[in-house]
Amino acid sequence: MDAVSLRKLLQDVRSGAVSPDDAVARLRHMPFEDLEDGNVLATKATAEHFRAVKKFVRKAEYRELAKAITLQQDSANYGKGTVVIISAGTSDIPVAEEALVTAEIMGNEVAHLYDVGVAGIHRLLAGREVFDKARVIIVCAGMEGALPSVVGGLARVPVIAVPTSVGYGASFNGLAALLGMLNSCASNVSVVNIDNGFGAGYVASMINRL
Amino acid sequence: MDAVSLRKLLQDVRSGAVSPDDAVARLRHMPFEDLEDGNVLATKATAEHFRAVKKFVRKAEYRELAKAITLQQDSANYGKGTVVIISAGTSDIPVAEEALVTAEIMGNEVAHLYDVGVAGIHRLLAGREVFDKARVIIVCAGMEGALPSVVGGLARVPVIAVPTSVGYGASFNGLAALLGMLNSCASNVSVVNIDNGFGAGYVASMINRL
Amino acid sequence: MDAVSLRKLLQDVRSGAVSPDDAVARLRHMPFEDLEDGNVLATKATAEHFRAVKKFVRKAEYRELAKAITLQQDSANYGKGTVVIISAGTSDIPVAEEALVTAEIMGNEVAHLYDVGVAGIHRLLAGREVFDKARVIIVCAGMEGALPSVVGGLARVPVIAVPTSVGYGASFNGLAALLGMLNSCASNVSVVNIDNGFGAGYVASMINRL
Amino acid sequence: MDAVSLRKLLQDVRSGAVSPDDAVARLRHMPFEDLEDGNVLATKATAEHFRAVKKFVRKAEYRELAKAITLQQDSANYGKGTVVIISAGTSDIPVAEEALVTAEIMGNEVAHLYDVGVAGIHRLLAGREVFDKARVIIVCAGMEGALPSVVGGLARVPVIAVPTSVGYGASFNGLAALLGMLNSCASNVSVVNIDNGFGAGYVASMINRL
Amino acid sequence: MDAVSLRKLLQDVRSGAVSPDDAVARLRHMPFEDLEDGNVLATKATAEHFRAVKKFVRKAEYRELAKAITLQQDSANYGKGTVVIISAGTSDIPVAEEALVTAEIMGNEVAHLYDVGVAGIHRLLAGREVFDKARVIIVCAGMEGALPSVVGGLARVPVIAVPTSVGYGASFNGLAALLGMLNSCASNVSVVNIDNGFGAGYVASMINRL
Amino acid sequence: MDAVSLRKLLQDVRSGAVSPDDAVARLRHMPFEDLEDGNVLATKATAEHFRAVKKFVRKAEYRELAKAITLQQDSANYGKGTVVIISAGTSDIPVAEEALVTAEIMGNEVAHLYDVGVAGIHRLLAGREVFDKARVIIVCAGMEGALPSVVGGLARVPVIAVPTSVGYGASFNGLAALLGMLNSCASNVSVVNIDNGFGAGYVASMINRL
Amino acid sequence: MDAVSLRKLLQDVRSGAVSPDDAVARLRHMPFEDLEDGNVLATKATAEHFRAVKKFVRKAEYRELAKAITLQQDSANYGKGTVVIISAGTSDIPVAEEALVTAEIMGNEVAHLYDVGVAGIHRLLAGREVFDKARVIIVCAGMEGALPSVVGGLARVPVIAVPTSVGYGASFNGLAALLGMLNSCASNVSVVNIDNGFGAGYVASMINRL
Amino acid sequence: MDAVSLRKLLQDVRSGAVSPDDAVARLRHMPFEDLEDGNVLATKATAEHFRAVKKFVRKAEYRELAKAITLQQDSANYGKGTVVIISAGTSDIPVAEEALVTAEIMGNEVAHLYDVGVAGIHRLLAGREVFDKARVIIVCAGMEGALPSVVGGLARVPVIAVPTSVGYGASFNGLAALLGMLNSCASNVSVVNIDNGFGAGYVASMINRL
């Protein structure tokens, strides 16, 4: 559920065109309705959005780093293993958290390893015990987007790579990272759109349910 | 194992620099050595390549459509379900077959559904029983690259999208299909490089082993 | 008539440089003067623009979704059939409405089918009776821009495809959708510029008058 | 029907895998089978292709400039008016002829006006009587792709623009012409893929049948 | 002299770091000092910039459409003929005016012909007497950038083409017009940067002085 | 007159479809017919083309470096001064020679200064007496395309810049040079298409005739 | 240390989550901690950032042109020679200053030569004594990015080229300058990212320490 | 000295236009004449080129992997330390060898570490003793171009990154690797053109002489 739809819904609630009950129902019937577990996720949401939602959806929670509103009505664990989210730099964390929250709300055990970019390879190696326990791995990186290749080479599980728009100049808003990931020399890497933490979390969750 | 390395190896065998036994050993120690099952795959191979290999690797087989040489020494089934390969047009079949042979040689049950492009949506729907039995789906398409979105919307399993360089003019050698797949409105789609049937088969196999 | 010209005109009316009568006359002589039916259309107009126009053009109306001001002085039906406008997602509706209002003000019967993206193909198929009655179809889609190919395959009439700038990351402001549509595997599809709902409505109207 | 499929078919006929009768049948069931008039069109065909087809399809004809093989079994006129094909330079003629042959084989009356590029505007104006009688116009141009805008401004009917890959340097294989046509300041212009004479002929024919 | 330098100069005058006399001197020694005629031109200047300059440079004038401040101290005519500036649409006028003011301040007789885009070719032809008297022509156009080709074909003098960033979607901020002009089928056309009215005026002036 | 048209003409002469006299006449009526001086220029011509032309056009000459066939029937000097052609590297010479021959055949006095790239700036400065006598200058450069900026800064006459496709990797077939020249910090520079020596010679000749 | 991290740190200090001592420590442990000399550099910092830092890091200084905050605790000279920074235009100075401050804070003697663009080559040559004393040279240039080639040809030391995003239109935010520098015909030039003054200063410093 | 110049020289020797002595002299005066050590390097040379050169330059040697002809007349060591060349895959070796031979012929001690791509990070770490002894490092990589970032993070010396055109599909002939390297998160990395092994060897040599 994107922020535009959310704002529209809230305006309708304010104007009386939509009742709070209907609003909750609709939140449930947006993109994630097929989760079959009653959970709802709204990405790209601001704190202001959350305050408005909170008024009539008391169970809603706000994940600040991920900029996501969640409504968890089913806390069952549908995954078979752990989804591990790895990020290259601190600037990549918002996208990584979007992936993490998505995987979590879809009923997966998650773990993460942040700020382990390839220019400090020993930090990544030191955290290896974290991703060695993964059933599927999500790697978020901007700039040169090299981290998925290194992780892909170290891990024996599927790796979902998420290019982020972090960078400047010749990063061309994530294009450099995207191309890097598509050309990964590690064979177990597939890629989603730039900044698409949600998509990565969704694919990882679907794999982890198998 | 790419065709260049293969040709080099064959020349060495001819010149006596490499013995047939060493050649077989080396074939085994190329990219796929980590399969742990003794199988070998050489993609982008011509019939001429195959005839040369065949002389000293009698068990080698040639998959013409996929342009792949296989050496199957382990025929165990390591996958938990079926990998289904779908292609949009007849011109996409070589890439689809590369994915299919990769999944097969890595020990997966495979099925396929070819020539079901989106401009004839009923053909795809008619073949739905094929991909309804999939544990993971590979979709190969060139031109506008729309098929993975439609399949992703119909299926409840991970979809690996492979853009192909099929097309002309504004297809820009597969760029149009690649961008289309990265922007797929279906959330269960991830993408590999243009014409990378091998990568798709590898990722699908890794998922199917989970 | 674009918003810049409109604002300029309004300033001139305020300053007295242009009389209200002249303003009405000029509105009539802008791009659409060749409609020969006395109708006027101003696209990309805000509510504020409308309020200003309304003061001296009492018959002017505002189409909020389309962000268009219309001045309908001739309500004859010049089309031979129905122009059907289809959109993929809710975010594509503003462009779709611009096309719809354009076709309408040019004297065509219109119908629409919104929010029928390819990832939910059954919604499109369920709405088929709507576009089966079309003489010409306009399809608006962002992201992967796949919808025109599917509609083109199902319909036997000309399809005008409008890529929208809806999307993020590798959608590159509508480039992905544009390339997808230009490479459509359906032969009855032609394309207009990104977000050019007006152009699509104009071409469709011209076809429908034949 | 593209040249690759055609060659494959001919090889099958030679090898006996396909009987001449089957070959004819298959030719009939390729892309154009939905014409409902029994006519067949193979684009991008060489003289060599034609000689091979001719052996078992005696009625087949070769249109050299268009590089097209036609099999006309129905010569009814399904169009309501004339489809006029205009080209900018002599190098654009092969694409223009592909459009012309497509329109013709689909049962339309056609006329053409070649070599009337915008740098010699009076040649175009001198030929105006040709396109004044059009019900739909196809304009093929490479390099700067400006001709559809001029024609679109002069004509009151739908214009299908076909960018060609004619040019060098910053024409980027037709990209310059494509972008020019998409940004046409004439509102009655829609665009097909680079060098897609077939698509333009198909769309024009569909419009002319309305 | 760009707006940033101008603002800096004005701040220095305000703070007393630069005396008004020095400011005038400096204005004279900026980019145009090589005109040898004592005239000064500041492009991309706002009305606010002008008011500040006016306080201490009483002879300064503001050309609103061109957004240029001029200081004319030499009004000799250094050109041998007339520089004619032509623009395609009303939105191209600011760039056209920048070219016109540049040519004028450099001592050329100028004439202009605005709003004669190629989709209304007869308006251009009707204005032909204006550009028939030109010694050098500047043509400004956005969108498809086709106008220089048509003018180039009609005129027998050098044509300087200026692509403008007017347009949206696939105009890519003037790239479409730029590519169109570089691929012009008229041989007497050369091109300057997008929106570079100043450069066109400068080149035209240099030619006109020969 | 391009090589394709030339070959076609020669085939027609061989087949008897065109008489030698007609061929000569046609050569005269191709692009350069408007020179009004009876001279003809065929660019991009091979030695083989020349031998064929020579048979029936005895006065034809071949300029090997420029790959141009010339037929000079009028040797009047129509230019007012000297056109100087400058090239950066030895690989740029074919394009420079195409410009030089074009200027020459159009009746201009020419001079040249080759192999004076910016990485050896003293060579350029040493040759300054050559371009100080120019009325108009053509500068051909590939790779970074920096030479026109340096020459433009040193000269007080119009500079026509011709990017060449010389280079590899990130030169992208002349794109790097083209962009560099369009962004030249010298105000007297205008640009033609990549490798368009003919266009540069034509524009320079037109300026030199003023 | 980028501005975002800096702001975050300052907010934490304000809220009490981070003590001033910790803040100083953290500043020391950001990217430059490996300098082993205790110096700290924060680039892309505003005057407001500086005022906040200054409150609890009294020794911090602000380099306005470079928009950099420095904390110099070690003033040893680690370089063997002089790092010379050269810029093409006044608009390139902020990037040049970022490079200069970086080299300085890393313990190098620096010198600079600004505003010596290639269109005024004699200014560069006049300043040659400055860069003749360099052990390594940094060259910052936007627009056509030609300066590194000229400097590279004149100097016998390594040249680090920094493309800047200075320019408009076809400069594409520094892409033109970047491509120009990558294609430099001078062999002693290597390149860093657009606007990456810090990276150039870092590489130059590392070379100067050898 | 590029292959084109070489071939030209050889033709001149054959035709007698150039004497063998002159040829040797000219070889010495081509690009590398400024080495001041009498050594000559011809890159991109075939075995055939070498055989021709060998006839009259007996001391010439051929470096097959690098496709380089060398003429070593001075074997002094001008470098202060070791230049280490690292390559990611076996396909990158030709570019790496071009860099290695360049550094060698310019009088540097060299070492190399090949086939240590990031997907097998332990191979790189195992070879660390090789690059720990480097004074300057060259890293050649295609596909995602990630290796320079990892090496840059591990090493404390300048790293020259060379993107190679190795890869397919979205590698766009080395563009992906180039962008990746320009966006490297390691601060000690600078970049040369795609496949420019010579340039990297030249820059490294110049640094190593400091």
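For reference, chains read A, B, C, D, E, F, G and H in written order, and residue numbers begin at 1 within each chain.
Convention: contacts are C-beta pairs under 8 Å (C-beta built on N, C-alpha and C of every residue); 3 or more make two chains touch, one makes a residue touch a chain.
Owing to the predicted nature of the structure, the values given are computational and were not obtained by experimental measurement.
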Q.
Treat touching chains as neighbours: how many steps, at the fewest, connect chain A to chain E?
A. 2
Q: Identify the chains adjacent to both chain E and chain G in the sense defined at the top.
A: F
Q. Between 0 and 180 degrees, and as a multiple of 5, what angle does the rotation take that fits chain C onto chain E by Cα atoms?
A. 90
Q) So chain B and chain H: same face meeting same face, with over half the numbers shared, or different? A) different
**Q.** D-F or A-H, whichever has more C-beta pairs in contact
**A.** A-H
Q. Taking each chain's centre as the mean position of its Cα atoms, how many Å separate chain B from chain D?
A. 35
Q: Could you grab the centroid distance between chain G and chain H? Build each centroid from C-alpha atoms only and quote it in angstrom.
A: 29
Q) In whole angstrom, what separates the CA-based centres of chain A and chain D? A) 48
Q) In chain A, what residues contact two or more other chains? A) 169-171, 175, 178, 182-183, 193-194
Q) Got a list of which chains touch which? A) A-B, A-C, A-G, A-H, B-C, B-D, B-H, C-D, C-E, D-E, D-F, E-F, E-G, F-G, F-H, G-H
Q: Could you pull out which chain H residues touch chain A in their complex?
A: 88-89, 117-121, 125, 143-146, 149-150, 152-154, 167, 169-172, 175-177, 179-186
Q | Of all residues in chain A, those that touch chain B in their complex | A | 31, 34, 80-81, 135-136, 156-158, 160, 178, 182-183, 187-194, 198-200, 202-203, 206-207, 210
Q. Which positions of chain A touch chain G when the two form their complex?
A. 90-91, 168-171
(Q) Can you tell me which positions in chain A touch chain C when the two form their complex? (A) 2, 4-5, 163, 165, 173-175, 178, 193-196
